[in-house]
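Common to both upcoming complexes is chain A, partnered first by chain B, then by chain C.
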Partner chain A sequence: MSESGLERTTETRLLPASNHPGAGDGLLSPLLSVERLEVQFRAKHGAVRAVNGVTFQVSSGEMLGLVGESGSGKSVTSLAIMRLFPRDGSVISMGRVWFDGQDILSIPEPAMRRLRGRDMAIVFQNPMTSLNPTMRVGLQIAEILMVHEGLGRRQAFERSEALLQMVGVPAVHESLAKYAHEFSGGMQQRITIAMALALQPRLLIADEPTTALDVTIQAQVLDLIRERAAETGMAVVLITHNLGVAAGLTQRIAVMYAGLLVEVGETRSIFASPRHPYTVGLLGSLPRADYHRVKLTPIPGMPPVQVEEPKGCPFAPRCARQISVCSTETPALRSMGRQVAKPSRAVPNTCSHLVACHNPVPTEETPLMPLGSRRD
Partner chain B sequence: MARYIARRLVLMVIVLAGMSVLTFLLTHLVPGNPAKLMAGLHATQAQVDVYTRRYGLNKPLPVQYWRYVTGLTHGDFGTSLTTQRPVAEDLKQFAPATAELVFAAMVLTVVIGVPLGALSGLFHRSWFDHSTRVISVAGAAMPAFWLGMILQVVFFAKLGVLPVGGQLDILSQSPPTITGMVVVDSLLAGQFTVFRDALLHLILPAFTLAAGGIAIVTRMSRGAMEDTLETDFIRMARAKGMPELRVVGRHALPNALTSTVTVLGLQVGALFAGTFLVESVFTWPGIGLYAVTGIRDQDYAAIMGVTLLIAITYCLANLVVDVIYALMDPRITYAGT
Partner chain C sequence: MSGIQSEPSGALLAVRNLVVQFSSTRGFLVRRHVSTVRAVDDISFELQQGEIICLVGESGCGKTTTGRAIVALERPVSGSIVFKGLELVGLGARQSHRVTRHIQMVFQDPYSSLNPRMTVGASVAEPLVIHRVGSPEDRRQRVGELLDAVGLHPESSAQLPHQFSGGQRQRIALARALALNPELLILDEPTSALDVSIQAQILNLLADLREKYSLTYLFISHDLAIVRWLGDRVVVMYLGRIMEVAPSDDLFQTPLHPYTVALLSALPVPDPTVEDQRKRIVLEGEVPSAANIPVGCRFAGRCWLWRELGSPEQCQEMEPELSCVAKDHLVACHYSGEAAVRPFGLDPSVD
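Now for the complex of A and B:
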């Protein structure tokens, strides 16, 4: 936990920071704006509500951490942004996803296809399965340049070689002719990053890019992403279930639970004064330097699978701060600084600290106690 | 790779040796006296004894087997009791017709089964997928002789569009023997009317033989395609903005085919087994028909000759398939193990 300079946070101190202006501020409009996104999977008995109305923005040059336990809807959100669901009607996406002024959810498929890979790119969790096992990696990179840029084979492979060099794959020329299984996990993920960055996208979504990797490799891959983001000024959505990973890299963090955002704010603010009981719990299950040998204390319970219309706070069954209104009214995201007039309709400001909770944790309380032990 | 093939060949010899013992025992342990069959219904004991001695049928089984195996190493498969000719010569005469039939059935299996399956997987749960499934389940469930007879009734008796029986019309002149396969030989000789006739004769038996395999390969490649389309690397290809045609044709299909190829190897064995019935139904002059006659007449040498020939072909076909599989999937290496 960072200490100095982060004394008790007052919300006003965290308002407009010049490098990432918010949507409502009339400055730059964000590159990506997700508004009330809902995603449902149609199943035999009703629909699985994976995402239940998520709203957030990301600006160019910014790195946003999308954090939450496994199953909270992070990957589904990212697939909705890339519009990568099967188009057979089994998945329904509602709401708006604005990317550079276009509504991603409603543009025709050919236009969407041109955006993918060129303007928005994604890196998935498992590099081994993300690479085509029977196609040489050189072609897997080069085809992006050939399809989007119309480059010839020779040029495309030359550029691919340069891309591999950039992401730190050794022996680039020989590597072009190799297959995915001939590389280590870390190298494979570098290759998928090279694929994602081939056309200098303006938005990169990295969905748990290091979860499948050795601990020793994780930092290297994260460094690579940070480095490339800093150099190109692209916006990054870094998805992780580990707040610790997000801590060092992101400017802002959005905490997701059961398909909803429960807390959004500047990374410093989230760490200094987490207000949502779930965020506090997540922070509590972070390993800390002083007792890193101790087994982590996870938040007791599991995130629910939403089948019915959510009623009340989805975290209520696991929450120690539950009050009577929690089980009847779903809390809306509210600014902890200035109260927005109509919280449910408002597009949350990117710079304020927003929390969806009827009984938020007071700023004074120590954030590092896991929920479980508090209940005991 | 070369070492792998060599090892597989050694293994194959062992398999064949075991195979020969097994068939030898089976054919010699069934009740009945082939010498009596050969000598005829009204033969005297003396006549039967002549046959018994000539073919060594009075010797102990191990001796008979040893004689048979040493003969094999010289390409001597023994003498057929029914045709009174060396089995090797019989096989040489009948094998090409079977090769032609099996090869044609294999081609049908691949060119019908793989695209049908791939398209069903691509458009899964569509009307196309559902009708393909119904047809392929029916195809797999229908016995070959039954299907063969239905096809004969429909296309020969009712519609009169396809011929039935043998490789050629009685009025057609056989082309000069080069490969022994009538379709190929007529083409090589430039006799196009004969070629057309041979091809028409081939369609029904080949399809009858292939039907079960088409059904299996269709369902296998459907599953392979469906599974492949759900993999991360397909999602990745889409995320890279690849056109759907490229996603399916260049990314999904080669990976789906890899797993289908292994099924084709097993299919070779099923096709040979099928020739026994199909050749009988269509009086196709191949080793299947030869073997069926041999079984009826307790013609040991003929049965064993056919069995060994099929076993060798089956082993070789599977070796070829494994090599193709290795070439298609770079993850497979044959070093070491």
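Now for the complex of A and C:
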């Protein structure tokens, strides 16, 4: 039964250990390339693992969805990419993170700070993470422009006003003088997006940007991110646990479980023919508003409380397709070949469908009904 | 409110003309009355035995307050709440205690709903202790069953809440609410903090329990996908008022209120094909403050239909009554017939 999947499998090393990712495969060199990223937290009794060797690329103009359940390492991955961990040795990041040819994990802090402001930006789930409660909103945005672009006060405030206008904050002039808490959650998130976009970054990491927002406001904020990305060509890593959001916005999806990527592929391919049992389980878990009372098939058990050192497949305790090799060998991401003939959205990067599984779900067992064909 | 009060009989719970207000005061020394928030503004609905009714709407629209009023955690300004023929509004503490055994509520915030100094086992057993159910040994066994039912290891019993994730804490709260085998469970966004795989387990569990014990749920949620999956009937609230009530199938197939239409269209569907073909109505602006409810139709400021119809004055002058427009289908909109003909975007075959 495993053969149906493995026959077509071609072993590919994802990235040669070169210092120039993407070079040589005749593809556009990705803007961001994460190679075998590992993150560990120093704890009293040894190290706590959060990310166990994650590899993916994002190209300019692309929106990649990073999905997975709580604790799977999505946020830690994004913090490592932004290098936002304390530099006191309490957090250890290993592997390589290439951004535009520079190895982010090893450049000196001042250079990183410049990069972080100007070229890479992050938006968090809770807008108050990025907003200073004691500083007027206008000054917070203006300060970024004064520090990074050397703008004068007057100019910086004018630009701040334009930025707030762009993200749809009403009564812009008055809003500049307000404090963050005087805005609703949706407006606060717009303001953090304005701050993140102030220096026209080439990469935006949005970590659950709409999870705390109502559905109508969520739609507004996602529209805003989509619009800005389309207009500026910035790359976006959209972290979300909402597969619906990922379905609507992204070109590619990377599914994370217990600190590892288990499946990466075109969005359509992931939804139409998910191959990793975990991805299949996630999709089977979703109540859908357009499928009435199709019985949910949840994944048994629960996600691991703590990420373990990879020894065998981390999903094995919950997996119905487990075979003997699963408990001894950690499966590597392998190409399942390209499964969608005609992508409807431009997919600029390498398009193969990668799965880390010894016994992937055969395409004919894909659990979903033909896409969009059924309604009660 | 024509259609609602027609059947005063059989309902397990009947809420009538419920109004809940909060007065916010400002100032440190002299507490000066500033404004009154009408969190729940004259709502009526009924729950039949064994039914799952879903209360949906954006945050702040009064869902939680409605639930809290039913379990006597808020004191209504006016209106009535009748549970099995017994009027709950104005009930004395002792009687109230006896009734709450049959109505349990699970709250949306898993961080504050559990006593941080109580072990999980003690928290789950507490309702049993308070209501003097079973021997200590019976209780221990019941706690084990309950933890198992919500997907927790029975060994978690000895641990403290802070050792659990938000999702696990919500499962503990659910176990606690189920302890007394209540008749009516008010579930306030009980899965909003859970991972999707665990959410699916809990949803299946809730569906199974309902079947098994013919439980009745008032399920509060802003997630329409869950509502569609779980609900028999749906009540859509906006700014303290009910906009639409309909059986789940009707509401999702033919939503008649422009607000419901917009909510459904904003809902992301985990299917790229559907997503690429859908039309969306992105509502502009935000929900107005409950301290400052607009006159006329309270949705008018954000209503796409109102704009499409050329901003008719009627909407700004007269508050639409919740009235019956089809079988079991109640809508509060002057132009509900117009909204019905618009595709709401979940069906890709509709253009």
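Details
Going forward, the second predicted complex is superposed on the first by the 314 of 376 C-alpha atoms of A that agree within 3 Å, B and C clash if a C-alpha of one lies under 4 Å from a C-alpha of the other, contacts with A are read in each partner's own complex, and residues count from 1 in each chain.
What we mean here is this: contacts are C-beta pairs under 8 Å (C-beta built on N, C-alpha and C of every residue); 3 or more make two chains touch, one makes a residue touch a chain.
The shown structure was predicted, so the numbers you read here are calculated from the model rather than taken from an experiment.
Touch criterion met: A:Phe124 reaches chain B, while chain C stays clear of it. In the superposition on chain A, contact is made by A:Ser70 with chain C only, not with chain B. Comparing chain C and chain B on the residues of chain A they touch gives the larger count to C. With both structures placed on the common chain, the touch criterion links A:Ala320 to neither chain B nor chain C.
In the superposition on chain A, contact of A:Phe271 is made with chain C only, not with chain B. When both complexes are overlaid on chain A, the residue A:Gly248 reaches chain C alone and has no touch with chain B.
Applying the stated contact rule after C-alpha superposition, one finds that A:Met135 touches chain B and leaves chain C untouched.
When the shared chain is aligned, no partner comes close enough to touch A:Ala47: not chain B, not chain C. Residue contacts after overlaying the shared chain place A:Arg114 against chain B, while chain C stays out of touching range. The interface of chain A with chain B does not overlap its interface with chain C at any residue. Those residues of chain C that touch chain A in the complex are listed here as 58-59, 151, 165-167, 195-201, 203-204, 222-230, 248-249, 252-253, 262-264, 266-277, 280, 282-283, 285-287, 346-349.
Residues 125, 231-233, 235-243, 246, 250-251, 254-255, 258, 328-331 of chain B touch chain A in their complex.
Chain A meets chain C in the complex at residues 69-71, 170, 184, 186-187, 214-220, 223, 241-248, 267-268, 271, 281-290, 292-293, 295-300, 302-303, 305, 344-345, 368, 371-372, 375-376. Across the complex, chain A meets chain B through its residues 82, 84, 88, 113-118, 121-122, 124, 126, 129-135, 143-144, 147-148, 179, 181, 192, 195.
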